Amino acid sequence: MSIEAKTEFKPKIVAFCCNWCSYAGADLAGSSRLGYPADVKIIRVPCSCRVNPMFILRAFEKGADGVIICGCHPGDCHYSTGNYYARRRMTLLFSMLDYLGIEQGRTRVEWVSAAEGVKFSTTMNEFVEKVTSLGENIRLGDLRCRS
Amino acid sequence: MSRVQRIGVFVCHCGSNIAATVDVTKVAEMARLEQGVVHAEEYQYMCSEAGQAKIAEAIKEKDLTGIVVCSCSPRMHETTFRNAVERAGINPYMVEIANIREHCSWIHKNKAEGTEKAIILAKAAIAKVNLNAPLKPGESRVTKRALVIGGGIAGIQTALDIAEAGYKVDIVEKTPSIGGRMSQLDKTFPTLDCSACILTPKMVEASAHENIRIFTYSEVEQVSGFVGDFTVDIRKKARSVDMDKCTGCGVCSEKCPAKKNASEFNRGLGNRSAIYTPFAQAIPNVPVIDRENCIKFKTGKCGVCSKVCQAGAVDYEQQDEIITEKYGAIVAATGFDTIKLDDFDEYAYSQSKDVITSLELERVMNAAGPTAGHLERLSDGKAPRNIVFIQCVGSRDCTNRGKPYCSKICCMYTAKHAMLIRDKYPDVKVTVFYIDVRTPGKNFDEFYRRAVEDYGVNYVKGQVGKVAPQPDGSLMVQGVDMLDNKQIRMEADMVVLATAIEPEAGVRKIATMLTASIDNNNFLTEAHPKLRPVESPTAGVFLSGVCQGPKDIPETVAQAGAAAVKAIGLLAKNKLLTNPCTATTDELLCNGCSACENVCPYGAITYEDREVNDHGIREVRRIAAVNNALCQGCGACTVTCPSGAMDLQGFSNRQIIAEVDAICR
Amino acid sequence: MSYGKSQTEEIKEISGVNPYKCMKCGKCSATCPSFDEMDIKPHQFVSYVLNDDAESLVNSKSLWKCLSCFACVERCPRDVKPGKLIDGARQVVVRQRGADYLVPEEIPECLDPELPQQLLVSAFRRYRR
Amino acid sequence: MKYSYYPGCTLKTKAKELDVYARASAEALGFELEEIAEWQCCGGVYPLGADEIASKLSSVRALNAAKEKGQDLVTLCSACHHVIKRVNDDMKNVDDIQTRANNYMELDVPYKGETEVLHYLEVLRDRIGFDTLKEKIVNPLKGRKIGAYYGCLLLRPSGLMAFDNPENPSIIEEFIRAIGAEPVVYPYRNECCGGYISLKEQNLARNMTAKIMDSAAGFGAELLITACPLCLYNLNLCRNKAGIPVYYFTELLAEALGVKREVRAS
């Protein structure tokens, strides 16, 4: 591994998208051909409130460089209040992660509606750019897995 | 994991949609190496009958227990593939979709990158299916009644169609009468029918229909429940007039001394009394008291209306009333308004009475309007000789003062106005400043051409920069003719602004109550822009009319009918299958703390004392129990649960973590 | 002239305007107080840039007729900022030596006793590098 | 209350009235204008080119001087106000300009748009209040019909200037009402006077101001007021035709506050 040529850094980014708004927004970005880097991989969840902080910790532990959670706009949640729960939980989690050394720029919550293909694409482009500028996440990775 | 899965992976080319930027063969090859995968193949169109047959065949031959389809978004074809595998004998919830089209092939141009990502997405889906378990949907009942929010032409048509199919339907309208914007129009394009003449019979039909109840001067206050079983609170605002006693004679309005209140129906161009019916054909023909402007309510003295009412219908003590009703389906038909022109003062709308919106012109042209149908300047009552129409005022405007969309109806109604004016007043010169004339629609372009060719309306390609009121009361219009490349300065006596339309102000509140999606322009979002244009993504909520996007009357009526059919299709069912992806408790981990109960938006979680067998120890514990008919599967409880006892079927902790692992591997 | 960059590219860069945003409504030309003095009209600037015809733009009289009154910028429904595009073309010209619209020698004949400094300063800034 | 004050080149020479009456009125109204030491000319026009830095530095210096004193920066001339306000916005919101300008300036603490830029009229409206101003008027200009001439630079682009409604402004009309006179509203009060075109093509500016003057006169204005020396100059080019005199708004303010004579005497 150590003798491998140094290639351009490609971050690993996990995006949790709620089924009703953001996942549909991502679909719209796709059907409108609004590109964003392939580094983003989307996991579909019913609602942003389904995202357990454990999932995010797990992602960082397994080598993710950034995690973004997308949900419906405040007031538009399919389940009325799920995105409010998500927002509160993530605010706490992100400040804790920051304390642990995982910079705020590696985590983000964004509201993207089903009609906002453009916003989805620009958000992902911005986020990837930000995470790329921060470089590889080494803080929470399992050090035993490294050579 | 109950047993080791035997997974089949099916990679779709989607013609060239996927195959052009993703090496589908390689995806299938790589999938074959994943844990549990015993079969992988690719095909041109997995959703086709032949594609589905391939899945069925593989299930039979290889005894598959789980399926991964790498294709388009699950929002497109998840149901298709679930049904296909069910027919082939395995549980439909053993299917997972890897979205390698919308989330991959369509957005990545580099084939190597696209292929790599598609493989990872496939791996994530495979990892998830390894942990899938068969699920069985429950059943819920359907209340055989529909609610229509909004009593304009969209709401009336939807209600009539639902009622004709034999179902009960309620219309909730916030103003004192049904009729909506169409009742304010004078004539309609492209046939020049009188608007009231074609609308009034529909209004009467709706009010007389045995299956239709109309709540006017009422608003939806609260909505709970879900498809098939909504519970809605409707606020009937105090009308101050007893609807049963009132005979609609109109003496109260006539005698009311508070006469100088801007008439909403006439767009503020005329006055009405404090007790009023908005217009002559109003339904119901029962007045309301506008309490803010009523002398009795302001000072305690007056009471004229009560004294002159022979029927004794005036009731100053009347209170708002809340009606709670159950519905199986809800149709939003909340309509539109014109935008405020505060930020468009270059057209002098706020500085001159002779600069009006097109909707105001409708009232001016209408026999029941403020000028009794005579075309005259509102400043001095003089007949205009030069009228200038300005198109796209606030439409197609991406700055923060306007709307980015085309309002769609303006080109046609301006042609109508121009034609009607030239027809009735041949001496009046009519000039239209336009950016583009957009007339797609049956007989629409012919209509516009008639305005030009037969009626001599002068269409000028270009915009107006400024309308300047002159000391003599005329209006100096400065515009450009882009074809002549000349700046034009022309004097006009009247300027009409084709003002952009926007969804009615209260729609955001209603969308929130319905948990229906809404876009940045406040239009309600449809479930699919092409294939499900009248359904909201929220099950049981349908869209009718301009609340979904700009439309003219024929389109609105067509969509209203389509929304009705969707509602009828729902009401015709006796039972609905519920989403089986509900929360479930691990009774050995639950400590009965009530945290989940507190976050559940549906009240689906209760507690019961249950005997559990904890590694040989039998004891009765307080344990969370989920009502599957009520649980909608959001998952809020799963994260809240401190002991990790709550999980969500179909989106379990282990499944999501498996996906995370597969992506980060 | 410039280092490998076309003049239209230069105009776009200096002005920061994206001409593709324009929908050709003509509002800028309808608004412009100097319209009659211009040979290339404000709305045409966008087309000239799109057609890669910087040659005509830099030789246009219009560059010296724009008053920087920002009326077109204010009223443009597409946020194109046509005035900035005109200024971009003007910059291309004044940044080249010897292409000054205003030369110091002609100042004395322009002077009148009431003339405010502000006028000289502004004109110098707009007409010269 | 003390404000940093940026007079600008013309207020020291041709437009002395604009300046001296403003200072005297400020004193009467209980605020002080503290002139920035060694200010330099703003350049008269805002440099539109996205890559221009050097021509913005004089504004940045003035802005930073006000920041160091912890004061808001008050301007009088429309052009100075326009330039300084927009440069301030660049320093606040455009990273590239902020960085490059600070590199030139080599300040101890980089300037990042902290200073608030106020036009004198904004001080009257938002800090003093036109109601308070009205109370302090000793010599109301009763019966005078005054047209406000705004010009371009105070109003546009409205998103950045945030001065007033760009198409139908009212701040000077309110000011006129406060000093006891009657405002005359006319549609061309926000149309361009011709600006710097009058240096080489006076006739063009004259045509433009004639339209403005005629409109104002038509609606009954007996005099016009403005905040810009160049506007005043251009309007006066066609004065003979319509015959309406043009004044700086500060002169009428001083008159209404009863301090005009003192200034003259001094």
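Which chain is which? They are A, B, C and D, in the order written, and residues in each are numbered from 1.
As a convention for this text, a contact is a pair of C-beta atoms (placed from the backbone, for glycine too) under 8 Å apart; a residue touches a chain by one contact, two chains touch by 3 or more.
Worth saying up front: this structure is predicted, and the values here are computed from it rather than measured.
**Q** Where is the C-beta contact count highest, in terms of which two chains?
**A** A-B
**Q** Need the CA-centroid distance for the pair subunit B / subunit D, whole Å please.
**A** Averaging C-alpha atoms per chain gives centres 49 Å apart.
**Q** From the mean C-alpha coordinate of subunit A to that of subunit C, what's the distance rounded to whole Å?
**A** 45
**Q** Centre to centre, by mean C-alpha position, how many angstrom separate subunit A and subunit B?
**A** Computed value for the inter-centroid distance: 30 Å.
**Q** What are the residues of subunit B that contact at least two other chains?
**A** 346, 466
**Q** Of all residues in subunit D, which are in touch with two or more distinct other chains?
**A** Each of 166-167, 191 in subunit D touches at least two other chains.
**Q** Can you pull out the residues of subunit C that are in contact with at least two other chains?
**A** Counting only residues that touch two or more other chains, subunit C contributes 71.
**Q** Kindly provide every pair of chains that touch.
**A** Here the touching chain pairs work out to A-B, B-C, B-D, C-D.
**Q** Which residues of subunit B touch subunit D in the complex?
**A** 344-346, 348, 350-351, 466, 468-471, 476
**Q** Can you check the complex and tell me which residues of subunit D touch subunit C?
**A** Answer in residue numbers: 8-10, 13-15, 41, 43-51, 55, 77, 79, 152-153, 155-158, 166-167, 191-192, 194-200, 204, 208, 228-230, 232-233, 236.
**Q** Where on subunit B does subunit C make contact in their complex?
**A** So the residues of subunit B in touch with subunit C come to 346, 392, 396-399, 402, 435, 461-466, 478-480, 482, 485, 487.
**Q** Under the touch definition given earlier, write down the residues of subunit A that touch subunit B in their complex.
**A** Its residues touching subunit B are 12, 14, 20-21, 23-24, 26-27, 29-31, 33-36, 38, 41-47, 49-55, 58-59, 62-64, 72, 75-82, 85, 89, 113-116, 121.
**Q** What does subunit B use to touch subunit A in their complex?
**A** Checking each residue of subunit B against subunit A gives 73-75, 99, 101-104, 106-110, 113-114, 116-117, 120-121, 124, 508, 511-512, 515, 517-520, 525, 537-538, 581, 599, 601, 632-636, 638-640, 648, 651, 653, 656-657, 659-661, 663-665.
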